[in-house]
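Here it is, the structure in full.
Think of it as A, B, C, D and E in the order they're written, each chain with its own count starting at 1.
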Amino acid sequence: MMEKREMIRVDKLNKSFGDLHVLKDIDMTVQESDVVCLIGASGSGKSTLLRCLNFLEVKDSGSIIIEDEETDLKTHDVNKVRQKVGMVFQHFNLFSHKTVLENVIEAPMYVKKVPKAEAIENGKQLLNKVGLSDKADVYPSKLSGGQKQRVAIARALAMKPDIMLFDEPTSALDPELVGEVLATMKELAKEGMTMIVVTHEMGFAREVADWVVYMHDGRIVEVGHPTDLFESPTEERTKEFLKTTQLK
Amino acid sequence: GCGAKEQTADGMKLVDKEKFTFAASGEFKPFSYMEGNEMTGFDIEVGEAVAKELGLEPEAKKMKFASIIEGVKSGRVDAAVASHTINDERKEQVAFSTPYYYSGPQIFTRSDSDIQVATDLEGKEVAVAKGSTYASSAAEHTDNIKQYDSDITALRALSDGRHDAVITDFITGKEAIGEGYKIEGRELLGRSEQAIAVSKENEALVKQINEALEKLHEDGTLKEISEKYFGEDITVLPE
Amino acid sequence: MPSFSHFFETLLSSRELFFEAMQVTLKLTVVSILFGIIIGLFFALLKISNVKVLGYISDVYVYLVRGTPLIVQIFVLYFGLSSLFLLPDFWAASLALAFHNGAYIAEIFRGAIQSIDKGQMEAGRSLGMTAGMAMRRIILPQAFRRALPPLGNQFIIGLKDSSLAAFISMNELFSVATTLGSNNFDEMTYLLIVAVYYLILVALLTVIVRGIEKKLAVSD
Amino acid sequence: MPSFSHFFETLLSSRELFFEAMQVTLKLTVVSILFGIIIGLFFALLKISNVKVLGYISDVYVYLVRGTPLIVQIFVLYFGLSSLFLLPDFWAASLALAFHNGAYIAEIFRGAIQSIDKGQMEAGRSLGMTAGMAMRRIILPQAFRRALPPLGNQFIIGLKDSSLAAFISMNELFSVATTLGSNNFDEMTYLLIVAVYYLILVALLTVIVRGIEKKLAVSD
Amino acid sequence: MMEKREMIRVDKLNKSFGDLHVLKDIDMTVQESDVVCLIGASGSGKSTLLRCLNFLEVKDSGSIIIEDEETDLKTHDVNKVRQKVGMVFQHFNLFSHKTVLENVIEAPMYVKKVPKAEAIENGKQLLNKVGLSDKADVYPSKLSGGQKQRVAIARALAMKPDIMLFDEPTSALDPELVGEVLATMKELAKEGMTMIVVTHEMGFAREVADWVVYMHDGRIVEVGHPTDLFESPTEERTKEFLKTTQLK
């Protein structure tokens, strides 16, 4: 892993909401093609960490270096950096007034100024990739949850990001629809995408993750290979968490 | 201020320097009313005659009675030829021309009423049009005064059996009786002078209008217009 | 109350004047609502902006409009502005009504924008859009759709409110009705007639708004 | 526009007349809203009753009121009813306004009643209550609470609408303002003054309604 | 069981919603102190059956005899019969504008015209019974789901019904709150209350039910003692249902 490029470096990242200290001195490095799974109890700060990486939340202190570029809202055009980082949300957040294809070509056309024909061509390829070519002209409201999430992935990919963040991408889905989304994500991992995934899907983590990060109360408590961390966690709190939580 | 106005050579400030723009309500038959899309009536014809004397094209503008004076003061129109009665408070706000007709308030009641003269109004419910000067005439005799949007509304309500009497212009009352309102005229309550109202900042125009009115008196034009509408000359001060 | 035959005869004989007046009313309504939408959108954006002062400005505007009778607003705007510059009557009346409608529309838009799931903005931002672009391309189109039913309602209110333009010399429906009524010493008949015209216009507007709503519902 | 000192002097010198007029306005508003609530509740219940004809009657009422300008309604009710029987002016004006407010209040109540979870009625019925009793003791109290914010809004609208009672000879705020304005040929000043009174009343009402809302929120 | 009084007799009960035939020739007899558990897939008609027994739905045909009294909406005062049958709903349906005690005394006072003092006294006893004496003056919004449901039970009991119907009383509750409600219901059963309970709580059914009814597609497919029915169902469809469904 050492010879790979460093995609994200987080140093002493802190973030509070009012009095609530949500992220405490987070250090983390993610290298090219790494797949990182983030686990932890509700409220431990997983989403907040992901959102800081994508500047949906503004950090209080510490540094976030993305592809060797220091990022600071005050001095950097955060929208530029953001284009390198795709995000997939728990609740899909598809643009409900646009068709599936329009969702996918929106950002390339209006943010990157890609010509329409090119955006459409690329968009169709992506829809093909996530297995939804036939839904291009359909509105999101007509899709199942699993289909929506795959469109959301295609939409993020359309900006050709170098890093993809997933915040519990399957936890709003009916159990029978989880598989199709995980399959799409696995494929992405296989192609070498750098990914950080907040998930409770143990099977996915075991199969795909290069390492797993366990967060508790705003801190990273333990990091390890999935088999190690799941079967023989070193920290007491990790053990407890794995015991009480029903990872699937 | 009338910032947007055009000024003529002789110092009159006009909305349009080719035109004499004057306002009337169009809801005060026979002084101003509509014939199709055209406003006409006694006031309108007077306004037109004045315009002619001024060498300007007449432009009669229909405005709700309540907004005419603000129209004059704010410079939306050059003058109001709308049967406005002169009094002292009003003189502080606008400049009046010399009177172009003389009228007077009269008591109107239903035929079964025993009200004859002003003193009979004691304690009675008397209705007047809002904005008319008759409210003060009525107040001399009773505390119970109702104000309506227009004379016609007040007379209509009287005819329908509401309140005891209406004080309004004798000419208006006469018209209403002609239209079948179940009312009768009683005592006349003095005289009032009606004049053209102009913005105070427009001295030149007042002067010109006064000259025009005098001319129209002398050549009989006003008398002619008056007789056309009322069968008598109301444009001269009665003895 | 007038007899039915008298009402009907008058309805027929006065139709040309009323048809013309109806056009004035419609023009007034459409123009004042369109400008009201612009004004309303502007103040709604002020209100949801994170700048407190702008929010207060918007609050004051809405409070002044909602706290005073329209007729007062019309007078003040029409004559007050006249002393500064003279707009043609139609535009003065339209702008006064637009100023009034704008406050209600601002509230409608504010509510609609705030009702759009926050995830929509975040999704836009996460794709590299600026806040402005996400507002323009993602939030507002959805908010517009959601605002349509109350906007349609405001359209109807605006139509009826345009009757107060009678006070500033517009020959719209209500003005024609009162003028004819007082000229003919027959207010009641003309008021009933003008009620019929308003009812028809309101019915028409309702149908149109429903049609637009249906058309915009494709994405549901 | 009047100068500030002129405005202020007139504000002071006219205060007694306006204070009296304010009482008339308040009485008109309160009475017309109270009766409007009764009328509105009645038509709301008609509408949600399972009898179709009653629903239509309610629809027609709401449509007539919402489809015509208030000023038309006031004239028609005032003069139209006069030909049947003579009510004192205050009551004629109040009832005309109540008839108008009632339609909007009916819609508010209908919405509030329908927003109460169906389970509440079922729970009442399952305990042996008749439909009427469950409506009275279970649904309506909750619906009233939910209706309070829009009702408060309607209260404010009703306050401003009462200005149109000026046209049928009530000496309320707006009437006094226009009378003084036209007697003194100084409409603008008096309209600005009356705007101040309305703003104060609206602010007061808003505070009161908020207070009631807070008080009723104990069960939340 | 034979010597007990017949509390409910249902004969050829049919009910349709428009074209949807929801209850088909239902026959059922419930005797005094019986506890009957009703199970079946979603949409099989369990709720509708319960609601017919309480006249919240109007039957199309067939007869419902409650305590030897024929009931017909047209000829009988259904509100009187209803007072003998208490109902507890999945979503509690507490009167949200009334305190807990007011909820409980409402119907006795206004339906049965019980004097207020008596109603309060009885209501307090019932609240004591369901373990909520201390919550008498609290509004429902301040209660947990389990507490709400226990208040709902107390409210139904306040009318002194002879029969209690429960429609999935625990399925809207967080898992940790299910126990307290079931405990209250068990106690009620022990006291000899006649109960019909729609539930997926296998443990409860095993422990408390005298017999279990399995419904499928609007019909009663199988009836039996809980152990028999759960462990050796005779009908093919019952087997299938028990296999696919996760009864807890």
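As a working rule, contacts are C-beta pairs under 8 Å (C-beta built on N, C-alpha and C of every residue); 3 or more make two chains touch, one makes a residue touch a chain.
Values in this document were obtained by computation on a predicted structure and should not be read as measured data.
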Open item on the list: Taking touch as defined above, what minimum step count separates subunit D and subunit E?
Closed with: 1
Task: Apart from subunit D, which chains still form joined groups through touching - done: A, B, C | E
- [ ] State which chains count as neighbours of subunit C and simultaneously of subunit E.
- [x] D
- [ ] With centres defined as the mean of C-alpha atoms, identify the chain lying farthest from subunit A.
- [x] B
Task: Most distant chain from subunit C by Cα centroid - done: E
- [ ] Could you tell me the distance, in whole angstrom, between the mean C-alpha positions of subunit A and subunit B?
- [x] 80
Task: Whole-Å separation of chain centres (CA-atom averages), subunit B against subunit D - done: 36
Task: Centroid distance [mean C-alpha coordinates] between subunit C and subunit A, Å - done: 46
Task: Residue list for subunit C, restricted to those that touch at least two other chains - done: 75, 79-80, 83, 187
Task: Contacts with two or more other chains, residues of subunit B listed in rising order - done: 66-67, 70, 73, 153, 156
Open item on the list: Dump the list of chain pairs that touch, please.
Closed with: A-C, B-C, B-D, C-D, D-E
- [ ] Give every residue of subunit C touching subunit A within the complex, in rising order.
- [x] 117, 119-120, 122-130, 133, 137-138, 141-142, 145, 218-220
- [ ] Report the residues of subunit C in contact with subunit D in the complex, numbered from low to high.
- [x] 1, 63-64, 66-72, 75-76, 79-80, 83, 156, 160-161, 163, 174, 177, 187-188, 191-192, 194-195, 198-199, 202-203
TODO: Name, in rising order, each residue of subunit D that touches subunit B in their complex.
DONE: 79, 82-83, 86, 89, 166-169, 171, 175, 178-179, 181-188
Open item on the list: Under the definition above, what is the set of subunit A residues touching subunit C in their complex?
Closed with: 54-56, 79-80, 82-83, 85-87, 89, 91-99, 106-107, 110-112, 139-141, 152, 155-156, 159
- [ ] Would you tell me which residues of subunit B are touching subunit D in their complex?
- [x] 65-67, 69-70, 73, 89-90, 92-94, 127, 130-131, 133, 135-136, 146-149, 153-154, 156-157, 160-162, 197
